[in-house]
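I am attaching a structure below and will ask some questions about it afterwards.
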Amino acid sequence: MMDARRFREAAAALVAVGRFCYERGWLPATSGNLSARLDARSIAITVSGRHKGELDETGFMRLDLDGDALSPDVRPSAEAELHRMLYRRDPTIGAVLHTHSVASTVLSRLGGTVLRLHDYEVLKAFPGVVTHHTVLEIPIFPNDQDIPRLAEQVACMLEACPALPGYLIAGHGLYTWGDDVASARRALEAFEFLFECEILTRRMSG
Amino acid sequence: MMDARRFREAAAALVAVGRFCYERGWLPATSGNLSARLDARSIAITVSGRHKGELDETGFMRLDLDGDALSPDVRPSAEAELHRMLYRRDPTIGAVLHTHSVASTVLSRLGGTVLRLHDYEVLKAFPGVVTHHTVLEIPIFPNDQDIPRLAEQVACMLEACPALPGYLIAGHGLYTWGDDVASARRALEAFEFLFECEILTRRMSG
Amino acid sequence: MMDARRFREAAAALVAVGRFCYERGWLPATSGNLSARLDARSIAITVSGRHKGELDETGFMRLDLDGDALSPDVRPSAEAELHRMLYRRDPTIGAVLHTHSVASTVLSRLGGTVLRLHDYEVLKAFPGVVTHHTVLEIPIFPNDQDIPRLAEQVACMLEACPALPGYLIAGHGLYTWGDDVASARRALEAFEFLFECEILTRRMSG
Amino acid sequence: MMDARRFREAAAALVAVGRFCYERGWLPATSGNLSARLDARSIAITVSGRHKGELDETGFMRLDLDGDALSPDVRPSAEAELHRMLYRRDPTIGAVLHTHSVASTVLSRLGGTVLRLHDYEVLKAFPGVVTHHTVLEIPIFPNDQDIPRLAEQVACMLEACPALPGYLIAGHGLYTWGDDVASARRALEAFEFLFECEILTRRMSG
């Protein structure tokens, strides 16, 4: 009973954040995926190929953190392992959002391996940041259709920088997370705002 | 009876996609046209000159694939032949969307005859694409008020490249399609996302 | 009776177009003004200083084309003469929209006295245009707080080019019109689309 | 009684302006803060850390202009002193809006200490401006986590230029105000419009 209610609550929170992201153009053409923790060993995650602006509870499935789909008849996103790895590593993570905005896609394809953000007041939206003088370095991984290999690279990076609030995949998009769906959304909004500022700043300086 | 219901369903799906496109600025000033297959020999298509954000069932007419208007008293779009040609060539096509966004208009006027898109994860939204390494080459035809002549050029190109998910007309806009209205919309969203990425990338590199 | 109904209908159509323009950012900070013809000698026009996204019938007043306010206790916009002049000159004009978008403001301040638009399919949205090969030259007048003097300049230009669908005032915005509110809105959408295309094209070519 | 009603009215007006700003991307990731005067000695201001698109009356607290929180159990924004200073200096100020748009953030980080705006008709939206020939110089302060120090700098500037309608903090955002929430919103819309014009003008000229 409690279990079914927890799934419904998680799905409802992700339906709302999906619609929000879709309307801003951050989840075009059924791209991206969204998840939230159900308990220590399982998550709710979007079923592959759904329209993220028109999700309902049937757009989500249960997934064991170690690998098996717990909902029959549906297939998780190919990128589910990138979600699971985050939940396994850090028990405080309650939600993971993977989005595809124009700004994150373009910034991630410019050639660097890191995006440096500094001197923005909005950096204080990330956990643990207390001043705009902070320099936040967001890793940019090359895109890879071999998801387990990519997940391993991300895990290595998180060993070195456990406080990172997110990362980019080149030509692909952003992964970010938080204690719950609201805090993951707060991080996502901060990232997208900073990406747009960074793009505009570079165009005006270039 | 079945026939009337099929027309209503097709019109309802196109009304929704019309409002969606209009709100994003992809169908300004009564431009563009939208169609869906009714059966092997006929389609529903927007009547000429209607506001695409405020369509209802009266904004659509039946059209025979070989040429005659099947709805009395209304005139199809001048570009109807560009729709019909696609449905005649490929019986799996269930919907065709022709839109006029700023991004597609500007990219199509830059002088080339093809737009090359590669290293974008969102390319996987197109049927048959399984990796971001794919290079998608979208043809750009010169604009032409002689629609039968333009339709013939497009048909020739499709003989050579039957898997193409869409094409551009210079200074004019995009034609894209799919098995049904939902999959045509998915392709449209992917195209518009990629056009915006491409424009922004060129401006940051230029 | 008929008269009161005509006023209500005109106001309702302008309320809707006001909300539409405001949401797109074309009427910021109570700027702009909107009018529609009531009969051969009078119009309904926005009262000075109202929020264009939250208009209701009280936001409009009757104005005689030759000069006197017909609604007691309210003041018309300072720019009302620019509306009246258009209705006096051309009895087929049924609505005039004056908007302040970022695109029109920026394009109008770049230094030229004319904006040339050509090779856009959307040019066909303007009355009498049948091919994208048309070259449309939109005059740009210097801004002037002396409205009668500005109105006279516009009138002179319209003597020379009676088919013009609109004009720009530098650093100020666009005036456009049509047979009724729907056709004026169609012209406005076409202009704003073309302004955005033109800005983006110049930035990509520059 | 009157007092409770005044608080509810102020909160309702700020809830609406919060949603408006959030939807335009001017208050991302719980950033910014909004306030309105309750009486000669106190204001209603947003509680720290709330989502500005989903505020309700519980998102606001009473604050004495000289310093003490009048609502138990909630903490005002760290930047509350920047609001209080304005209300103390000028008894005609009825509302203060502090927003974080991409445009204001980027313009404020370009290196200058002042942003000069001129030859825009929309300048007339600011109190006392009667012609587009006006030159408005908006001060840009370096960002500072020491809010009392920053407030003192702003107060000094306002001694010299009492008619200023707002100011920028570098990498941080805009403060603007008005007699009531509606006039503060009018100033905010004018500023954001002018910031977007200025950015686009510089990019086209650069």
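Every chain is named by a letter (A, B, C and D) in the order it is written, and numbering of its residues begins at 1.
Everything that follows uses one rule, which is that a residue touches a chain if its C-beta (ideal position, glycine included) is under 8 Å from a C-beta of that chain, and two chains touch if they have at least 3 such contacts.
Remember, predicted model here, so these are calculated numbers, not experimental data.
Engineer: Go through the assembly and pull out the chains touching subunit C as well as subunit D.
Structural biologist: Joint contacts: the list comes back empty.
Engineer: Greatest Cα-centroid separation from subunit A: which chain?
Structural biologist: C
Engineer: State, to the nearest whole Å, the distance from the C-alpha centre of subunit B to the C-alpha centre of subunit C.
Structural biologist: So the centroids are 32 Å from each other.
Engineer: Can you compute the centre-to-centre distance for subunit A and subunit C, using the mean CA position of each chain? Integer Å is fine.
Structural biologist: A distance of 45 Å separates the two centres.
Engineer: Which subunit C residues reach two or more other chains?
Structural biologist: 203
Engineer: Which two-chain combinations qualify as touching?
Structural biologist: Listed in label order, the chain pairs in contact are A-B, A-D, B-C, C-D.
Engineer: If you look only at subunit C, which of its residues touch subunit D in the complex?
Structural biologist: Per the stated touch rule, the residues are 25, 28-31, 51, 100, 102-103, 105-106, 109-110, 143, 145, 169-173, 199, 202-203, 206.
Engineer: Under the stated contact criterion, what part of subunit A meets subunit D in this complex?
Structural biologist: Touching subunit D from subunit A are residues 119-122, 125, 130-132, 182, 186-187, 189-190, 192-193, 196-197, 200-201, 203-205.
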